[in-house]
Amino acid sequence: MSNEDQSEEKETIRLMKGLHLTKPQLALALVGLVVVLLVPEIEGFFDNLQLDTFHNGILWGMAALGLALLLNKTELVSFGHAAFFGGGAYGGAMLVNFVGVDSGLLILFAAVFFSTAMAFAIGWFVADYVAIYFALLTLAFGQLLYAIAIGSPTLGQDEGLRLRSGGEASGDPPSLFGIEFTLQQQGEYRLVLYYFTILLLIASMIVMYRIMKSPFGSALEAIGQNRTRARFIGIPVERYVWGAFTISGFYGGIAGGLYGLRQLSIGPEGTLYVFVSGEILFMAILGGFQTIIGPIIGGIVLTFLLDNVRFLTEHFELIIGILLLLVVFVLPKGIWGSSEDIKNGLMTRVKNPAQLGADVGTLQKMLINAVRNAITTIKIILFGVK
Amino acid sequence: MIELPLFIDLGDAAVHTLNGIFRGSILFMIASGLTIIFGVLGVLNLAHGEFYGIGAFLLTSIATFFVVRIAAPTDPLSTAIFAAAIVIAVLLSAAILIPIAGAIEATVIRPIYDRAEMYQLLLTYALLLILVDTIRIIWGSQPVRPAAVDGQQIHAALDVIPMEELFGFQYSSVRIFTIFIGIGTFLFLLWFFDRTKTGRIIRATAIDREAATAIGVSSDRVFTLVFALGGFFAGFSGALYSVSAIPATAEMGGTALVLSFVVIVIGGLGSIRGSFVGAILVGVVWSWAIAEYPPAEIAAPFALMILVLLVRPEGLYGAWGEIE
Amino acid sequence: MLEARELIKEFGDLRATDDVSLTFGKEDGEMTFIVGPNGAGKTTLINLLTGLLEPDEGSVIIHEKSENGTTERDITDMDPEQRVKTGLVRSFQVVHVFEEMTVRENIRTASLSNHGLTRSFWSLSDEHEEVENDVDELIEQFRLEDVAGDVAETLPHGDRKLLDVAMSFALDPRYLLLDEPTSGVGAREKEYVIETVVEASKSQNVTTVTIEHDMDIVREYADRMVALVRGEVFREGDPSLLDTDDELRRTLLGVTPDE
Amino acid sequence: MDKPDTQTEEGRADSNGIGNIGRRGMLKAAGGTALAIALAGCSDVLLGDDEEVVDVADVPDEPVEAGLQTFTEGPASVLGLQAQFGAEEAVRRINDAGGVAGREIELDVVEEGDSWIENYSRFVDDGKEVTFGPISSGGHLDLVGEVEAQGVVNIATDGTVTRMFEEELDDPTYAFRFQNHDVMEAASAALTAIEQLGADEIDTYANINPDYAFGQDEREIFNATIEQLTDAEEVYSGFPELATDDMSTHVTSVVSEEPDVLFTSCWGGDATLLLSQGQDQGMMDATDIIVGPVLYGSANDFSSGDIEGNIWSGSRNFYWDFPDSDRWSPGRELFDAAQEAEDTIPTAHYMSGYGAVTCWATAVEGLVDMLGGWPEQEQIAAALEGHGFYTPAGYHVMAEDHQCYSNAHFGRLTWNDEMDIPVIEEMTIRDPREVSPPPGEISVEWIESWS
């Protein structure tokens, strides 16, 4: 879907204004869409493919997509994005618990409204800050919300809230599009919600694509690259960062609201804690935040890992840590962002097998360097800096 | 049997404050490393809290090794020997972190200095996960304390040192010493960066990496040294905390890290003075918040941070990435 | 007409501008050059006028012609981005461009802002005809055609300077404040850069205020010259003063008439 | 000291306790199957060589796949690993006794983390026939809706949300809880304090509870009970952050208030921290009695210096040395098994895992006997309601509200120098009817109805 540097010569197909795909890209997009739509059908055939995981992965990915707007354009690292994901989830849950609403759409609306309002409020505080201060301040706001949720008996403290009818632990799921579901029809409810999610996913990807390609997107990019200059071409920097932050919170709200509707039960640990913010951030980077589809892929992949490695080994943190390490060194543009590089790399090696020999050489050099570094380190520790 | 000190006499307010200063001293030793590493290397090390955790666990193992081999303190001499063993255990725990941190810097941190912030965060987060699990593999996932001495925790065995005669009031001697060590660390760091050659080289590197390289300083070595130094102090404070019988857990690094963020943001990133004042402030405010309004326990440090940032966006001693 | 009125700015003990009062553009399209030794407060003055710095005392006024004479508009408290909307635009001594954008995107972004389009998040950046026309024109005017598709950080220095100025022109300036547009540019390119800038200013009748160290350039292009020394206005008047005023020559060039 | 008038080691009276039921009687009550006997801990005596495995044609050949989600890491692993050890011991015994109606159990264990729903769904997808866990109370609330919807029986090992089966779940089908109605332990704590000090002697009390819903619940019930029975007034209530690293400020506050009674529901590392910092600051001298329902859960982490003073601890529904293990070998055998397999003192959470598995296995075995074939989930769920069974802890009944009822243990926490471990002495055991509301009633309302 993303197609940042399409060359004019290639034959493209225009899906909508500003959205042109080459034939292979279109084919890939269609295959992807079909796969996504068929996940509920095919999950039974694969041991490790779970609709739950896939669905949640998409939702986390949507939150990461909102964050990618900040990362990619304004070059700001938000380390408190769980505030909007969790804010959305809680916003929806509060409507269920305190107002007694059981319409899924209203719950989602409340979720989006609540998290957008929160992003609007927090954005006012943080829009002036840059670099690591921005990261730390967003982190502080995120933790403050976590502290409020876990300390408030009204919000259920660590137990969180249920989004089932009456807010009860085994109530019926909310209604969707006027359809009522009983507890036993929860599977069907989730299926409907899944397809609804796909619809919203496609819509939000298109919207994000357009935002990134729009004059507003250009202005944000200008802000990211040189705030002073942006100011002196007449861009109201803080207001625009505030706006981008709010949009990003809006995405977090949709994702969090749908997450609440999917889980039907939410708590602070899983939606608001600082490491949740970290996960959202890393999903965006893992998939490739410079693309539209990257954060979604990052969301699905990391969620898949988190859900599955746990069943394989007790030491899943170790495994995931090593994988992230590899991402930094081997796939800096993320999985999706690097797909072109990987393809090119493979093609060169197919055409020119001698390259493989050079690879071995590079690897050798890297190893020798690492050993050398280690020796220097020991020397420094023993004898100090020169 | 050892007499337990009672210090009700001191008055609640003073005890709450001392409790806060104690915690602040521990926090300072973690945060100072974080802030120096950020100031010189420009990397916010998310795995920094794990150095603290590893220090705490190392102490449990090393102190246990000593405790089962050395006579329990009964008279001044045996108390002195015992105390010396514990001091050695603390220093040893912290010292082990020097090669650990140094090796981490040289192998995985060094290649990412020129990368964008988010990659540095991602990498150090990966390190955090790896180190947490390494702790679990070595020490297990349940809370660990050093072996008891005749049923007493180490600090209780050491609390026979008469505080009342020394200071005129009753308070845990180990805690008092920890506070002194915190202040000592602060003064040492000021002296180190101001007066010593190595300290000045580090500062020069922090201010202008290229200029420092031009005058013949190996920035690689400086970075390794600084990272190892940060690891040392984090481990040191973890070890000290463990001496006070606080159970070491694999997760302790996370909480310490987040609180250290609060401290260095309040103080100003890169400022040693700032992190000292910030740490004591966070500790005391936290302690008083619990005493006056218990539900504020978790939120207090973050609320304080937001408040400070609203009034002084660059932190109390805003140094912005240069060591001060 | 742009007026600096009794501007004072202190940095600690240092008074960077000391009660500076100046008026620029009594006639539209006037080209004023500011000269002075290092640390004379030239850049500070421009920073105060454009809003990068806030003065400790004094004000910045724009005089606007209207049907019933002129009206004064105090812009001292305005943010830089608001001042840009009044036509007060600047360039920087150290090139400030969007390094990872192409030349075209750089100018386009400025132009989008000028057309008030940056709030639009549904249209596409490159689909606004009026913007594209402006961008084409500026690329031609600043002779950047060959590098239009190149990323800014890869450009040679002279082109970067031109790009910086071209972005300012994309904002339809009425007052253009240029901070050493030729600094760091090689001798041969210098002429080319300044000529291009002057040409553009003349053709659009823009009032310019330029900081310049090269006295030959000042002699050749200035309508008027202001010399700042230690934060104060030392001389103000015709550029020929550079040749006639001995004291000025001494202060500025370190030369005495005898030499 | 006056003898309390409830059952004690010396004065067991009530038929619901295990006291006056002989082993033969128990065998009868347990349904007589080899499995039930093995799980009650009497295999060596009663089974001998003639163990008889139920042989029914309709029982599948493959083993029963079961899943347990528990905290294997993090601060709560102090509880979670005990539950895992207990469940594994029960599984071992079941398999040694020939399985459940001939089917062995294969138990998969996964870290519960904060993914209760995902874990359960995964278990169900993987074809687990029964699931156990979690430890987390919040997790249990998350989970039960899922269990009810997906219809594979889950027996929670902990998940102490008082209102869970009182208010949240009306008419549950598949979700059960073996341990523990926290009302029983909090009320026992209050009763213990009153027995020890006398109702008239208690004027003030203080609370230190972990800052989450469980801590709030325990405090609420303790306060309700003590205020119902005495004129005492609460002088301090602190909620240290869960798994905190410093409680000294809370301790300072308690010491300065000098309450007659301190109640604490801190557990795991929090319990050791509270007691050791309490020792540092003289908290044991500043209070007349400290009552903590879950203190013994940290039995493996205490040192003798931590527990000096008048500290009384609960052990929920199980204490390995009650009745005295010299006389009651099942307790000793379970202790030895835990020592041998994991070098650990089995605590109440060991029983959480053990009891949950036992509850399910004995019910299913009985059902197979009755039906002559392997039962459906619905049938198992129905059979679990009202199901009574024995473990080395005594008799338990899974009531119709899906909350298991067991005896509550409370006694003085002391150090056993001989074994060099903490033990509980002067154990008082309370019938569940004494300290738990009847199914359908709300705990606090029930306590407030006492006269």
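Per-chain numbering from 1; labels A, B, C and D assigned in written order.
As a convention for this text, contacts are C-beta pairs under 8 Å (C-beta built on N, C-alpha and C of every residue); 3 or more make two chains touch, one makes a residue touch a chain.
Everything quoted here is computed from the prediction, not taken from an experiment.
Asker: If you check the contacts of chain C and chain D, which chains show up for both?
Answerer: A
Asker: Computing the C-alpha centre of each chain, which chain sits at the greatest distance from chain D?
Answerer: Taking each chain's C-alpha mean as its centre, the farthest from chain D is C.
Asker: Is the C-beta contact count larger for A-B or for A-C?
Answerer: Output for the comparison: A-B.
Asker: Taking each chain's centre as the average of its Cα atoms, which is closest to the average over all protein Cα atoms shown?
Answerer: Of all chains shown, the one whose C-alpha centroid lies nearest the global centroid is A.
Asker: Hey, how far is the Cα centre of chain A from the one of chain B, in Å?
Answerer: Between these chains, centre-to-centre, one finds 33 Å.
Asker: Cα centroid separation between chain A and chain C, in whole Å?
Answerer: Centres of chain A and chain C (C-alpha means) sit 43 Å apart.
Asker: So what's the Cα centroid distance for chain B and chain D, whole Å?
Answerer: A distance of 38 Å separates the two centres.
Asker: Could you please state the distance in Å, as a whole number, between where the Cα atoms of chain B are centred and where those of chain C are centred?
Answerer: About 51 Å separates the centre of chain B from that of chain C.
Asker: Show the residues in chain B shared as contacts by 2 or more other chains, in ascending order.
Answerer: 136, 295, 297-298
Asker: If you look at chain C, which of its residues touch at least two other chains?
Answerer: none
Asker: Could you check chain D for residues that touch two or more other chains and list them?
Answerer: 72-73, 211
Asker: Output every touching chain pair, sorted by label.
Answerer: Once each pair is checked, the touching ones are A-B, A-C, A-D, B-D.
Asker: Spell out the residues on chain C that touch chain A in their complex, using ranges where they run on.
Answerer: Going by the criterion above, the answer is residues 50, 52, 79-81, 84-85, 89-90, 92, 96-101, 105, 108-110, 112-114, 117-125, 127-128, 167, 170-171.
Asker: Across the complex, what residues on chain A touch chain D?
Answerer: 50, 52-53, 56, 150-151, 153, 156-160, 162, 164, 168-171, 183-184, 186-187, 263-265, 267, 269-270, 306-307, 310-311, 314, 316
Asker: Could you pull out which chain B residues touch chain D in their complex?
Answerer: 4-8, 12, 15-16, 19-20, 22-23, 136, 141-143, 145, 148, 150-153, 155-156, 159, 172, 241, 245-247, 249-252, 255, 287, 290-291, 294-295, 297-298
Asker: Mind pulling up the chain A residues that touch chain B in the complex?
Answerer: 71, 75, 77, 79, 125, 128-129, 131-133, 135-137, 139-141, 143-144, 146-148, 150-151, 274-275, 278, 281-282, 285, 289, 314-315, 317-318, 320-325, 327-329, 332, 370, 373-374, 376-378, 380-381, 384-386
Asker: In the complex formed with chain A, which residues of chain B make contact?
Answerer: 38, 44, 46, 98-99, 102-103, 105-108, 110-112, 115-119, 121-123, 125-130, 132-134, 136-137, 198, 201-202, 217-218, 220-222, 224-225, 228, 254, 258, 261-262, 265, 269, 295, 297-299, 302-303, 305-306, 309-310, 313
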